[in-house]
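Note that chain A is present in both complexes that follow, paired respectively with chain B and with chain C.
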Partner chain A sequence: MRDLSLHILDLIENSVRAGASTVFVAIDESPAEGTLKVTIEDNGPGLSVTPEQAADPFYTTKPGKKTGLGLGFFRASVEAAGGAFMLRRSRLGGLAVEGVMQIGHVDRIPLGDLALTISSVVCTNPKLDLRCRISANGKEHNIAVSEVAEEFPAPERDGLAVARCVSQRIKAGLADLSVSE
Partner chain B sequence: MKLIEIAEKLQLKNLTPEIKPDPVTDVQWGYASDLLSDVLAGASAGAVLVTIQVHMNVIAVAANVDLSAVVFASGRRPDETVIKRAVQEGIPLYGTEETTFDVAGKLYKLGLRGHRA
Partner chain C sequence: MMDNKIKSLKDLEALKRKARGEVNLRSDEEGKKVTVHLGTCGIAAGARDVLACLMDELTKTPQTKVVLRQTGCAGLCDQEPMLTYCDESGKQFVYGKLDKNKVKRIIQEHVLGGKPAAEYLVTT
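Coming up: the complex of A and B.
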């Protein structure tokens, strides 16, 4: 994957396919520690195998497939950036996938287009309770799709207008906190 | 050209001698990349992959794309669990001290070509 947003898209898809109705995505930058943390959590069923097995590229839950590369690829990207990868139980009840990277590591892939990624998930999964946190330097922006939707009249709540607004707020949040590319 | 001839000509170290070489199939395509999602999207079935990535994901991608072999360049060597899995999947692995650039150049000279899936 050439950027973190593609990993995020892939992992949100995993959550949705696993039956999650709530997905939380967090981008936390700590300039003091020189780290960038990406977290994807859900309220799905969680893991039915050990974390080690789940990250094995030859493990998949998709019928008819032999390989499951999403977690393995994310783990490889995180570790290539001098980072630590973790699978744990989410406070939402499902799985939390977490990667902490060295922000200045020469092999750290860029964040990519997070606003486009999240808004495309909003478009294709209008019923998903998708929440996003962007934090840096102790400041944070929280963008919940359901809250953004409530600002619109009922007939427009599942539409493009909400996705566009979510995209703008993510862009504004990233710019306000000067999150690294 | 057969894989076994390629390995001989490039003096590659065979990391999976347990796998019997395919005596009939000619290798036509080569692919050089360290971004495995790119390999997954771009490499053609039957291609030889040249890479410096050595983790298990390489084997999973190779199995997925049906690569004919993987050459680890610049002296990189996968660990035993990775090699074992490759044997299980029937994917021949080779190692060389040469860089990806040089290996790709030599493969090209032997007649292999780039080909995007």
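Coming up: the complex of A and C.
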């Protein structure tokens, strides 16, 4: 994956496929500690195996496949940036995938187009309760798709206009907090 | 949430048509459905850009009812990025090795025109 936003799209797809109805994505930058943390949590069934096994590229729950590369790729990107990768139980009841990277590490891949990733998920999963948090320097922006949809008249709530609005708010949040590329 | 002011009935009708088109992209109505394969292999190969192109192209044709959905890896990773188009009769067509130009042609010729873009179909 060439950037973190593609990893995030992949991990959200994992959550959706696992049957999650709520997904939470957080981008937390801490300039003081020099870290960028990416978290994806869901209310799906969680792990049925150990975290080590889940992140093994040659382990998958999909029938007919021999590899499950998504978590392994994300772990590789995190660790290449001098970071720590963790799988834990989410407060939402499912799985939480977390990667903490060194912002200035020469091998840290860029954040990429987070707004496009999120709007892609919104557009193709109208029933998914998707929430995002962007935080940096002690400030944060919270964007919940269901709340954005409420701002639209009922016939438009499942519309692409919601995805577009969410995209704009994420861009505005990233710009306001000057989150690193 | 409107960028432009409504100054006439024509403007209102145009807004209505646009909004209806946008609704159709995400609604569960039966009919034409485009599913983008967003497995790890698809994403790494450029599926998100394919989806972005689909959103742009389908927004331009609000009169056409099309549902956009995502799915995972179909086991044909070398053909990614891929999409599956399901027409109104329920027949499925799998397109592979996509880029923006191919997506535009598939929308114009198949989704809108009803004629499959045969050279981009995945054959197994």
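Side notes on the structure shown:
By our rule, the second predicted complex is superposed on the first by the 181 of 181 C-alpha atoms of A that agree within 3 Å, B and C clash if a C-alpha of one lies under 4 Å from a C-alpha of the other, contacts with A are read in each partner's own complex, and residues count from 1 in each chain.
We take it that contacts are C-beta pairs under 8 Å (C-beta built on N, C-alpha and C of every residue); 3 or more make two chains touch, one makes a residue touch a chain.
Just so you know, these numbers come straight off a predicted model, no measurement behind them.
If you put the two complexes together on chain A, you find that chain B and chain C both fit without a clash. Residue contacts after overlaying the shared chain place A:66 against chain B, while chain C stays out of touching range.
Residue contacts after overlaying the shared chain place A:116 against chain C, while chain B stays out of touching range. When the shared chain is aligned, chain B and chain C each come close enough to touch A:1.
Looking at the superposition, the partner that touches the larger set of chain A residues, chain B or chain C, turns out to be C.
Of the two partner chains placed around the shared chain by superposition, neither chain B nor chain C is touched by A:82. Applying the stated contact rule after C-alpha superposition, one finds that A:124 touches chain C and leaves chain B untouched. In the superposition on chain A, A:51 makes contact with neither chain B nor chain C.
Applying the stated contact rule after C-alpha superposition, one finds that A:9 touches chain C and leaves chain B untouched.
Minimum Cα separation between chain B and chain C in the superposed model: 5 Å. The interface of chain A with chain B overlaps its interface with chain C at residues 1, 6, 69, 73. Put simply, chain A touches chain C in their complex at residues 1, 6, 9-10, 13, 16-17, 62, 64-65, 69-70, 73, 113, 116-117, 119-126, 151-152, 155-156, 158-163, 165. Chain C makes touch with chain A in their complex at residues 1, 19, 21-23, 25-28, 36, 38-41, 43-44, 48, 51-52, 55, 58-59, 68-70, 72-73, 75.
Within the complex, the chain B residues that touch chain A are 35-38, 40, 53, 55-57, 59-61, 63-64, 85. In the complex of the two chains, the chain A residues touching chain B come out as 1-2, 6, 56-58, 66-67, 69, 72-73, 76.
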